[in-house]
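In what follows, chain A forms one complex with chain B and a second complex with chain C.
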Partner chain A sequence: MKWKATLLMAILVFAVVASGCIGGTQETKTETTKVTLTGDFNKDVIEIGKILEKNGITEVKFSAWGSGDPNSVMRVYGIVDTAYKINRIWKQNGINVKITVTTKYDQSFKDQYQEFLSKQPLGQAGDFFVNSYAFLPTLAEEGYILDITNYAKAYQNVINDFYPNLLEAAKYKGKLYGLPQDTEARPLYVRKDVAECAGLDVTTLPEKVKAGEFTWSDVYYWAKKAKEKGCAEWGLIHRKGSAHPDLIQFIFAFNGKLYDPKTGKLVLDVPAVYKWLYVEWKFAQDGLLPKDIMSWDWAKQIHPTIVEGKTLFDIGGTWYWTEWQTKQYYHGRPLTPEEVKKWFAYTLFPAGEKGDKPVTLSQPFIWMINSKAGQLNPKYEELKDVYHALAFLMIIKASDPEINAIHSVISAHLPVRKEAAKLIKDENWLNKLKNLDLDLAPEVKDNIKDIVEKTVNPINAQFLADVSYMLEYTHLAPAHPKYPALADIFKEAVDKVLRGEMTPEEAVKFIEEKIKADKELADNVEIVGEIPKDWKFPQG
Partner chain B sequence: MRNEKLRDLSFFLFPMVFMVVLFYIIPLVLTVYISFTGMRNWNVDRYLHQVVGFYNYERLFHMFRYDPTFKAVLLTTVVFVGITLIINVLGGLGLALATFFMREKPASAFRLLWLLPRMSPIAVYSLVWYYFFHGSSIGTLNSILMKLGIINQPIPWGQIIPWGAWSVIIFVNGLVGVSFGMIVFTSALNQIPKELVIAARVDGASAWEISRRILLPLMKWHFLYVLTWQFLSLLTTYPHLFLLVEWDLVDRDYGTTLALYVFNTAFGRGEQDQGLAAAAAVVLSILGIIGGLITLKVLQFEKMIKRPRGDL
Partner chain C sequence: MKDVETRPRKYEGILILAIFLATLPLLIGFSLLIISSFSKDMVTNFNFKSFHPTLENWINVFRGKLAITGGVRVNMIRIVLNTLIVALGVSGLVTLVSVMSGYALSRMDFKGRKWMIVSLMLLHAFPGVALIVGVYLLYRISFPQGQDWVRLYSFIYVIFARAALEVPMSVWLMKGFFDTIPWEFEWSGIIDGASRITVWRKIMLPLIKPGILAVALFSFLAGWQDIIYVRTFLIDQTLATFIEANIEAEYTHMPLIAAAGTLYLLPTIIFFLTAQQILLRGYSGGIKG
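Up next, the complex of A and B:
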């Protein structure tokens, strides 16, 4: 019996090997697999379509991952709309290829980044990934995202239309790894009725701040006055949690720096950090800023305190403007656009002291392309360059001024292109957006209909137009893989200073010790300057 | 004969040995190996072969010496595991004994009540305690105490270091863990012949005397099991702690145990340092092994194991 079984096994093995060989002799004819971009979008798309068709590809599958507040869905629908438009070009030119896009939209951009990080090596992450530029250095360093420097050369005219400092946020070690998708400014909001009660004239405030005449000493003076006169419970409210990015504006406002481009290292600018912590400490010690603000609840404490007029100043973000109109922070209901306009003035983040400059800070989101983009499609290895070029063209199209402007208006983020900035000031275009009378994929129109209805109005468009100038004053946190670790230490120090557990001097020493205790961080951070002696706050 | 016995044993033990090797030994070996590499950001292809020797251990040691807050993490681990363990074991024992002397229906309802924390999703359960212990007037506890006029200002419970933060994490985890001991001890109590208790009752023994003289000595095995299991479990637990720290309810340094530190270092930051986390995990495992052995020694585990009389 044994020999029969052996024979059977041998035949089986032979059959498997033979079938493999027979399959292997079938030659799959591979046509051109390289593409050279010309800068003419239609021409390039048609060229790619033809290459795909010749190689027997009829469907290209991509997935787009995006995240953020509920109004920022264009971060994925921008890609969906692009696919629709490319499909239309191919159809008009008789090319039988179609792009299909699946989307994944999450609330937390940090969680999605962590998911991308863990799934990219397994080939399970999205082909398009839009997320904070803060993570770009790590993703680029690990080879998880595509270097698009060469592709971009052909589209220099589009690239030139982006604000240059935002474009810098999409670069790492001189190479371009994505295109800016949106950005924002972080204004200092001033409650108009509280200001009036305290005697502060808000009409001239933005200009005074711009000129560097109204500094943080003035913020302190008016905050104290508002509290003493009983106009408000607090003088200042700011964010909780990570000190990045709202609070590090203080470092720039005190003329400090966080990064040294010459050495490529992060910088702990001791004088600027000391002054930042001193301001926080002074506000908290004098009861103008809650000592436990870093553990306040966003929805139940921070936003209600601001919209109910319990504070004179608030360090916030432009997105607060529409967030207050969609979330029920004001006695259980959202504010109307008219109320937001009536109650809030906004300025740049004031200069630290006379002689310094006002600032704001942006955290641009970037369209990034997975370095394995398109890998689930047929003939990936041969056609890798074609799939990647197509993915690049898709983010170029998704950066169209119209798409960018729609996103800005409905989510209160700032446009990243000059052309988009022009559009949001155009009343005709806004009316078209209100009626969704724009050339968009039907799926996209269906999905943004409700958001458009609630947010597209002249007040919000005017707000965006008004704050756009702040981008000229913007700073970016350094694009460095070790920056998140440093920001974590800042957060801890601010919390300890606010609670009165440490003096500003002790907190600076604490930050230094924490940096030195982490060997890798110590290698990546330069500690510069000393605690200024006899520095006083407030001044003047 | 010997071969036959070995074959039989291998046959019966194989599934268990296979599972242990697959799910315990291999991950342990991998963790030790990764701790000697520069592994980060899940980039297996790039870093798995990049052996860095004891570099990660050096970093840990350096942190232990110079980081102003790393010692707080170690101290928190010791206090958290120690006190929660006592609560879990003695609480479980107390609940089991209390329900043993109750009638069956209310006893079952009571046990079910204590099982609720374990049955609730972690996020929901943690959220309940987040609002309960919140350090402002929106916190339930503060709001009650203020209404009763006991306090004027809200107390930031989780931010009072170290004992405020420790109390919150111990309380929340203690409530979850106590049901495990309760179930094991209840099951043990049900195995004890009722005649012994009845006879003692007839002789006029109180519930305390019955517990001390009859029930507890008969539950020594279970006591050892719950103690060791809960010790190892507490040493490696982090989900509730993660949320309480993430939501800023408790102070970050005094709310973080070594297990949470391992998790955050490996998966919870912008740059995920899996090599360093693995080194910390190895230290944690060594602590677990030493602690487990001490527990077994103190409770004289070897005396409880007696060779069976005759052949099996």
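Up next, the complex of A and C:
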């Protein structure tokens, strides 16, 4: 038996040694493997190209993962275009290296995040990953995305051009983990013809809302009037679904909060949540909001009800503006830009009551870099820093005002850079975009051609310019791992008050009990305040 | 004389009606899916007013377009091909392993045979989800470093991992088929000088063709329909992961997904329409084991 054990040990030792040898390559001389960014894009790109060339690299393979609605494809094509431009710089400077980018675009951003989570440790996830800021803390905590704080120091001039609150969404524990790619606002849309029928003047409405003079009590008043006068079937339509940030705007509008930065915990702000649920309950009980809206179909009920003018108000997103122009929601056809402009006015989400402030809510998407970016390229271990610096330069270039402005116009998201916001107001530039007379990769031009045809026009650009101010009022849903669970409970409570199964008081108790029943959630949520006594809605 | 138990004909109508009613929800669901794939709007709630016939969804699916307007195009042929590779790989591997081990378990006596037969059922009871952590760990350990092999390896790994889930049941079924064949067939071969392998290949396999086909088809469908393993391990997309990643009801053009869903259902429909008789024969053999 002893010889068997010895043999087994010998095989084991051999296997260990052999496994070390398998895949081992003949040692080649490695040149410089570090790069220091200067802030001059061309210079840095050339420097990196030279380092790669000296190390025998002729091709750098990257993959870009993006997700979202079908018009938001610049989330991956921004990277493709960047590769095209870097390749051109290298070619012009006689550097024999090129970047090839493969793309993966899914419509479900949550599914893609799950896929990234499972494939990142295996080195199979995208090198570039654009997704909601809400996932950034988890990815940063796990070490799945690259800390770009040091790289960014050289490009401070670019970084400074981003809107500061959006840049904050790309940070975790004070470090920068990505660059904002886009954002949006969630306006309150007002159907102009219904408003006219009810006697509501929409021309002064945005200013009144901004000043906090037009509150949710006024929304209720006009919604009721529109219904009673037979101007519309409904007073208000809103979005649905779990964890949707649209409805939690009510919490902020009633001066509540959802997150306590001091403790790092979520907050159940009882007075604000009670007022939110009361508004929902009142609207539904009085027949101004469908009791079963949380189970309505997006394409067959929610959007057609809005575009066919069956409601006075609608809580939506900026992207609705172009979505209505590209999807057949209006009697089996899309709306024309002229129709959208003619029929819809838009304002901030009004303040809950006098003394509160109007709000909007954003869910910025962030360009993140996989912490293993470039892993599938030759000499990765030696050249890791070079590949990472190159990836950083690529998201810097993909954040060019032009790319950002194209994305904004064709997908009706808001620009994240001040320079991009200026571009979308420039009529000459818009005309160039309309004719695709811009310096873009041929592949990108080819793939966005029909989206551009449908969406690029002065009306849409004006809309984006008009709503950009809303970013000053923006709130972010907490980027907390337990927030989706809390949002699910909110959704359930909203559904119950709308259907009349619970009063607002009962629904608040229901939320508290559900939180307490889940130990992990209970540990992560602070319950503050009490149900206000003698609170009335509508007021004034 | 009939080889099955017969029942009085007066109850036949009631039985057929009961079976029809029981399967009605499924039939309705699949029918609405197929109808919607040929319509501009989804046909739901029996509202046939929303049926506006078009072939646009199918054309867009084959062109790999995710939306009516623009978007990133995916290579649908490649996705279908990936699905086929996984399904055929699982089917081939499961069939090969089960016809060999089914024969061994049926005909040969060896140490641990009884224990192995019992544990086959136990293994089948483990759902794939429960095993995924272990399988994931194994994947991480065995993962090749060289970039050239990563994509190929992910296919091989998915095929092996998914096949491993199908093997216990398939071996059990194949053992049943081999058990039904009289020993005399085998003895006559051996007496004529054939080896066990020759007997297995030339005498036994032709006799259990329906069983082999049943196992091959079921394991093909298992590979075709798998979502958890392909999503976790496969670098490329299959039809299942493509559909999953693109159902975002808010902005997805659902009739297009209905077309992709119908495409995904096709092998199952074709299989059940063409292989019913073979399956019935296959199962009668398997149960006797």
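Convention: the second predicted complex is superposed on the first by the 513 of 540 C-alpha atoms of A that agree within 3 Å, B and C clash if a C-alpha of one lies under 4 Å from a C-alpha of the other, contacts with A are read in each partner's own complex, and residues count from 1 in each chain.
The working rule: contacts are C-beta pairs under 8 Å (C-beta built on N, C-alpha and C of every residue); 3 or more make two chains touch, one makes a residue touch a chain.
Model, not experiment: these values are computed from the prediction.
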item: Chain A as common anchor, with chain B and chain C clashing or fitting; value: clash
item: Chain B versus chain C as contact partner of A:107, first or second or both or neither; value: second
item: Chain B versus chain C as contact partner of A:400, first or second or both or neither; value: neither
item: Chain B versus chain C as contact partner of A:295, first or second or both or neither; value: first
item: Contacts of A:499 with chain B and chain C, given as first, second, both or neither; value: first
item: Partner chain(s) touched by A:516 [first = chain B, second = chain C, both, neither]; value: first
item: Which of chain B and chain C A:447 touches, first, second, both or neither; value: second
item: Which superposed partner A:147 touches (first chain B, second chain C, both, neither); value: neither
item: Touched partner set for A:124, first chain B, second chain C, both or neither; value: second
item: Superposed model, chain B segment overlapping chain C, candidates 5-13, 221-229 or 275-283; value: 5-13
item: Shared chain A surface residues [contacts with chain B and with chain C]; value: 118, 121, 241, 297, 300
item: Touch list for chain C against partner chain A, complex; value: 40-42, 44, 50, 52, 66-74, 136, 139-140, 143-147, 150, 154, 231-232, 235, 244-254
item: Touching residues on chain A, where the partner in the complex is chain C; value: 23, 67, 69-71, 73, 76-77, 103, 105-109, 111-112, 115, 118-119, 121-124, 241, 297-300, 323, 326-328, 332, 376-377, 447-451, 454
item: Contacting residues of chain A [partner chain B, same complex]; value: 113-114, 117-118, 120-121, 134-135, 138, 142-144, 240-241, 292, 294-297, 300-301, 481-485, 488, 492, 499, 501, 510, 513-514, 516-520
item: Residues of chain B that touch chain A when the two form their complex; value: 41-46, 58-59, 62-63, 65-70, 134-136, 138, 156, 158-159, 161, 248-249, 252-253, 267-272
